[in-house]
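First subunit A sits with subunit B, and in the next complex the same chain sits with subunit C.
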Partner chain A sequence: MNYTLLTPEIIICCTAMFILVIDLFLSQGAKKLLGWIAIIGLICAMVAVYNSPHGLAFGNRSFVVDSFAIYFKYLLLGIGILVVFSSMDYLKDRTSHHGEYYFILLLVIMGTLFMVSAGELISLFVSLELLSIGSYVLVAYLRTKQGIEGGIKYLLFGACCSAILLYGLGIIYGMTGTTEIKGIGEFLSHNDKGCALLLGLAFTLVGFGFKIVCIPFHFWVPEAYEGAPTPITGFLASASKVASFAVFIRIFIEGFGGIRQEWIMALIVLCILTMAIGNLSAIPQANIKRLLAYSSIGHAGYLLIGIIIGTTSGLSAVMFYLLVYALTTLGIFTVIAIISNKINTDEIDGYTGMYKRSPFLCLCMLICLASLAGLPPLAGFMGKFYLFAYAIHSGYIYLAAIGFIFSTISVYYYFRILKSMYFGDVKDESIIPTPFLLRLILILIMLGLFLIGILPQTFISFALESAKGIGCVNL
Partner chain B sequence: MNFPILSWMIFIPLIGAMLILCTPKGMEKTIKGLALVFSFIPLVLAGMVYANFNPKIADLQFVEKILWIPIFNIHYFVGLDGISISIFLLTALLTFLSVLISCNITKRVKEYFMLFLVLEVGMLGVFVAIDLFLFYIFWEVVLIPMYFLIGVWGGPRRRYAAIKFVLYTVAGSLIMLIGILCVYFTSNPHTMDILELSKTCTFAREFQNIMFFLFFIGFAVKVPIWPFHTWLPDAHTEAPTAASVILACILLKMGVYGFLRISFPIFPEAAIYFAYPFAVLGVINIIYGALTAMAQNDLKKMIAYSSISHMGFCLIAMSALTVTGINGAVVQMFTHGAVTGSLFMLVGVIYDRAHTRNIDEFSGLWQKMPIYTGLMTLAVLASLGLPGLAGFIGEFVCLMGTFVSTFPGFKLLAILSTSGVVITAVYLLWMMERVFWRGLNPKWEHLTDINKRELLAIIPILIVIILIGICPDLLVNLMNVSTIQMVKGIMP
Partner chain C sequence: MCLTNYLILSAIFFCLGIYGVLVRRNAVMILLSIELMLNAANINFVAFAKYMYPHMLTGHIFTMFVIAIEAAEVAVALAIILSAYRHMKSINVEDINLMKW
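For the complex of A and B:
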């Protein structure tokens, strides 16, 4: 037993409990303090991750701390901090229940931390549920009509897919006799795979397809993204996706890497469909959150390319892309949250002439959208470059070509937002106030996007080192 | 010289853009002053580059090479040789003059000049980047400023034109990016260095053909080569004056320059293989562009189509793969840039006063605007290739280069292309007749002649046009040695 490996998770758990208790003693005006406590907790957890040794917490692989997990923990905690910052401003006038919000948010973040460390099916499933159940609540947290619709839809889909996933995991355990992902990999390299195992594999794919949001398991996304409080939309689009991809990589590369040929075709088809439908469906959207929901589906498609490549370089490309994507997405959702505080709508038409009302926010939006569209010298370009470079290197030129085609299409709908922000005429010229703190955070995010785009070497080599934590089958 | 003059030239406008970003919105005079200063410094540096450039050296000069992204073996690698120097200097000159001519802008001044300076960074960068990755980055940096320049300050159909421009360019450049990655992973050792790729790497014939094609699409959209040209009339017509100048004079040249710098040296066998289709596309460009220009009623659209026609000369001259031909393409790049730049500026002058560009609506303007008419006549004569002016030099060297090509049949193509010169003369002189001669339309009684600021912006280019026309050696000597080396590399 080595509980020191669990320090970050323990810190977060304690912070969450502490927030719940202290919430009872705070007056309505002092609720902002809760957000600061959450941030301090998250920063402490980050320090703990920095000092964390590698190893197994319980002797078996139910909690693994390796370089792969560490990379994702940094990323997830970073996302957590940004989400809390943007929540503090967003919640102010919308709800009086702040304590529960941060409590659930921290628990969900803890769930994602457990997920990326899970080297075994049961702990994997439990942590996945921790993430899911918390997310259902958070989506419907403000109890708006759309929020509840989104939350219910998410819950129904989520419960269904969890059941399918659990069934799949059960079959896999039945066929291989172990719940450890590495053990499954070893079993498969020595023994013949049975028909039933393929069934389990298919079910697992469905379960994860739901979590990473690929076609055709995406129907909950537009409603949930639209209905959720904007910081939570940002969280779903970044942290939830990041953690799910980490688990996806672990189970499909480490566990099923040996029987790649059995699932690779299915994944390629899913990948192409996801890129196509995600990007094409984004074009007609009138609501910015729905548009970004579909665009995030498209990005999941690009990310799948990295898993299809399956080499250490391919995985590091996925990890690097996730970093870039999460940072950009959080930037955008922070901007959307600030703007919607003032204009109370997420329709793209509401953004008309926004350049006059807040040039700063529009500039941030411009940079983020250009990064998502993959224009140099921003981080998004470097992410795509790295990913597609290794797709071409590994002989998947057609996937890279398809990816590029849909990137071009994505430029159209991203620029549609820019068009209404910058080219439209102004009806209402009132200034949109930006809190000083969020202004600072946005500036940092923008600098980060330029830094990663212009000097990506450090980040790429960190991702590459971390990807070595996953044992790839040499291709 | 150890002073990194090229980097300073590229990034000084960026510093200017940052300063403008930090200037409060109301201080329009300061903003305009900053923009002028920060586009003038690169021009001064360009003068120093010209003074220090040694035309007897075929290789790159002013080289700066720093390892940038080791994992892909990407370098920050810039340098100038004879092929790039002329257009590089022209970029510095025209950006400054464009800033000068757009000082009458009143709408969203701060953003306008900021975007203009960012645009300059991209344009200068493209012409000196010797690393494929760096080249691509600069190539794409141009996109967003241009999108906004067209979309915010443009004419009535500006939004359509802006997004069309972006989509065409992005589609083309992403296809080119696939090409870049394929070349990188096929080269051994993996490298993005254009020099190394063209000197030491020899690729298989089929691979070269496919790659040539991928790069071709990327560059063809920019040149633009028929049938990828449809964005150009829209973008040129809707863009504000200065953006039209930049589009026609610099952005189009990026395509031609791409062929000269990347496609031909790296894929020499493919260049020979595709010489005929390439030349035929060139002839189509020349004749199609000229005929379409003749049918236009909008002055800007006419000049836009005449650009398509003139770029055709670059294409046939390049495809001939002779020293004279390549020289011709580079000279034509420069002269077309200068001539069309002055034409667009002059059209902008009249548009500012009359708020229309319809040829039919004008008549007899010479009575009201004598100086303007004189300058316009000079620019038009240069454009239709009157000996003694720059336009003639470009077209003449191009046609001569095509004519002396060893490929059979190129003589015929050269003869066909000369018809383009005739048609150009027809539509330009016809336009002059309709707009400037004849009796004065009373509607235009109030027009005033060209003012000092506009003169100041236009005169320098006209001087360049005359200077090159009288003394073409000034230009040809700069590039000759580099071209000879390049052609040696392609044609064994």
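For the complex of A and C:
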């Protein structure tokens, strides 16, 4: 037993409990303090991750801390801090229940931290459910009609897919006799795979396809993204996706890497469908959160290319792209949250002439959307560059070509948003106030995007070092 | 009794669950069908653990975790369905479609 490996998770759990208790003693005016407590907890957890040794917490692989997990923990805690900052402003006038919100948010972040460390099916399933159940609540948290509708759809789809995933995990356990992902990999390299195992594999793919949002398991996404409070939409689009991809990599590369030829074809089909339908459905959307929901489906398609490549460098490209994508998405959703505080709508029509009302927010939106679309010299360009370059290097030229075509199409609908922001008549000329703190954070995100875009070497080599934590089958 | 019987039983439960999810329109009934699917998986785990790996407890422990998680999930689900009923006076999933698909 080595509890020091669990320090970041323990810190976050204690902070969450502390927030729940202290909430009872705070007056309505002092609720803002809760957000700060959450941020302090997350920063402490980040320091703990920095000092964390590598190893196994419980002797078996139920909690693994390796370089792969550490990379994702930094990323997830960073996302957590940004989400809490943008929630503090967003929640101010919308609800009086702040304590429970931060409590659930922190527990969900803890769930994602456990997920990236899970090297074993039981801990994997439990942490996955910790993330899911918390997210259901957060989506419906403000109890608006849209929120509840999004919550119900997310819940029913999510519960159904986790039941399918569990059935698949059950079959895999029955066939291999172990729940350790590495053990499954070793078993498959020595023994013959049966038909039943492939059935288990297919069910597992459905379960994870739901979590990482690929077509055709995406029906909940537009509703949940549109209905959820905007910071939570940012969280679902970034943290939930990042952690799910981490788990997906662990189980499909570390566990099923040996029987790659059995699932690679299915994954290629899913990848192409996801890129195509995600990007094409985004074009006619009138609601900005819905549009970004479909665009996030498209990005899941690009990310799948890296998993199809399956080498250490391919995984490093996925991890780098996740970093870039999370940063960009959070920037966009922070801007949307600030704007919707004032104009109370997420329709793109409402953004007409926004340039006159807040040039700063428009500039942020411009840079973030350009990065999502993959224009140089921004971070998004480097992310796509590495992903497509490794795809071509490994012989998946057609995937790189399809990805390139669809990312060109995505420029169209991203710039449609910008067009209505920068051009068009202004009906209401009132200034949109931006709190100082969020202004600072947005500036930092912009600088980060430029920095990663111009000096990607540091980040990609860090990702490469971390990707070595996963034992890739040499191709 | 042998392992195959239990696996067939769980497969039947699982298919009934999927059928229920697809045809039922009442949110609570869909939830019940999902429970059926989860319990089918549980039967699998216990049957595998008892017949194939009797010296290990992994399957039993997995089942116990799943039962606890199921309870939590149902608690959250019923709370959300209840607040949906307050807003829309219906828990029929076809009535809950303010936003288009």
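The criterion applied here is as follows: the second predicted complex is superposed on the first by the 475 of 475 C-alpha atoms of A that agree within 3 Å, B and C clash if a C-alpha of one lies under 4 Å from a C-alpha of the other, contacts with A are read in each partner's own complex, and residues count from 1 in each chain.
The rule is simple: a residue touches a chain if its C-beta (ideal position, glycine included) is under 8 Å from a C-beta of that chain, and two chains touch if they have at least 3 such contacts.
All of these numbers come straight from a predicted model, not from anything done at the bench.
Would you mind checking which one, subunit B or subunit C, touches more residues on subunit A?
Of subunit B and subunit C, the partner in contact with more residues of subunit A is C.
Just subunit B (first), just subunit C (second), both, or neither: which does A:281 touch?
neither
Contacts for A:219 in the overlay, against subunit B (first) and subunit C (second): which applies, first, second, both or neither?
Second partner only.
Have a look at where A:464 lands relative to subunit B and subunit C in the superposition and call it first, second, both or neither.
First partner only, subunit B.
Touch check for A:179: first (subunit B), second (subunit C), both, or neither?
Touch status of A:179: second partner only.
Taking the superposition as given, does A:329 touch the first partner, subunit B, the second, subunit C, both, or neither?
Neither: A:329 stays clear of subunit B and subunit C.
Looking at the overlay, what does A:151 touch: subunit B (first), subunit C (second), both, or neither?
Second partner only.
Could you say whether A:404 touches subunit B, subunit C, both of them, or neither, answering first, second, both or neither?
The first partner, subunit B, only.
State which residues of subunit A lie in both footprints, the one left by subunit B and the one left by subunit C.
Of subunit A, no residue contacts subunit B in one complex and subunit C in the other.
Please output the residues of subunit A touching subunit C within their complex, sorted ascending.
121-122, 125-126, 129, 133, 136-137, 140, 143, 145-146, 148-153, 155-156, 159-160, 163-164, 166-167, 169-171, 173-174, 177-179, 219, 222-223, 226-227
In the complex formed with subunit A, which residues of subunit B make contact?
68-72, 111, 136-137, 140-141, 143-144, 147-148, 151-152, 158-159, 162-163, 166-167, 170-171, 174-175, 177-178, 181-182, 184-185
State the interface residues of subunit C toward subunit A in the complex, per the touch definition above.
14, 17, 21, 27, 30-31, 34, 37-38, 40-42, 44-45, 47-48, 52-53, 56, 58-59, 61-62, 65-66, 69, 72-73, 76-77, 79-81, 83-84, 87-88, 93, 96-99, 101
Taking the complex as given, what residues does subunit A use to touch subunit B?
355, 366, 370, 375-377, 381, 385, 388-389, 392-393, 397, 400-401, 404-405, 407-408, 411-412, 415, 418-419, 422-423, 456-457, 460-461, 464
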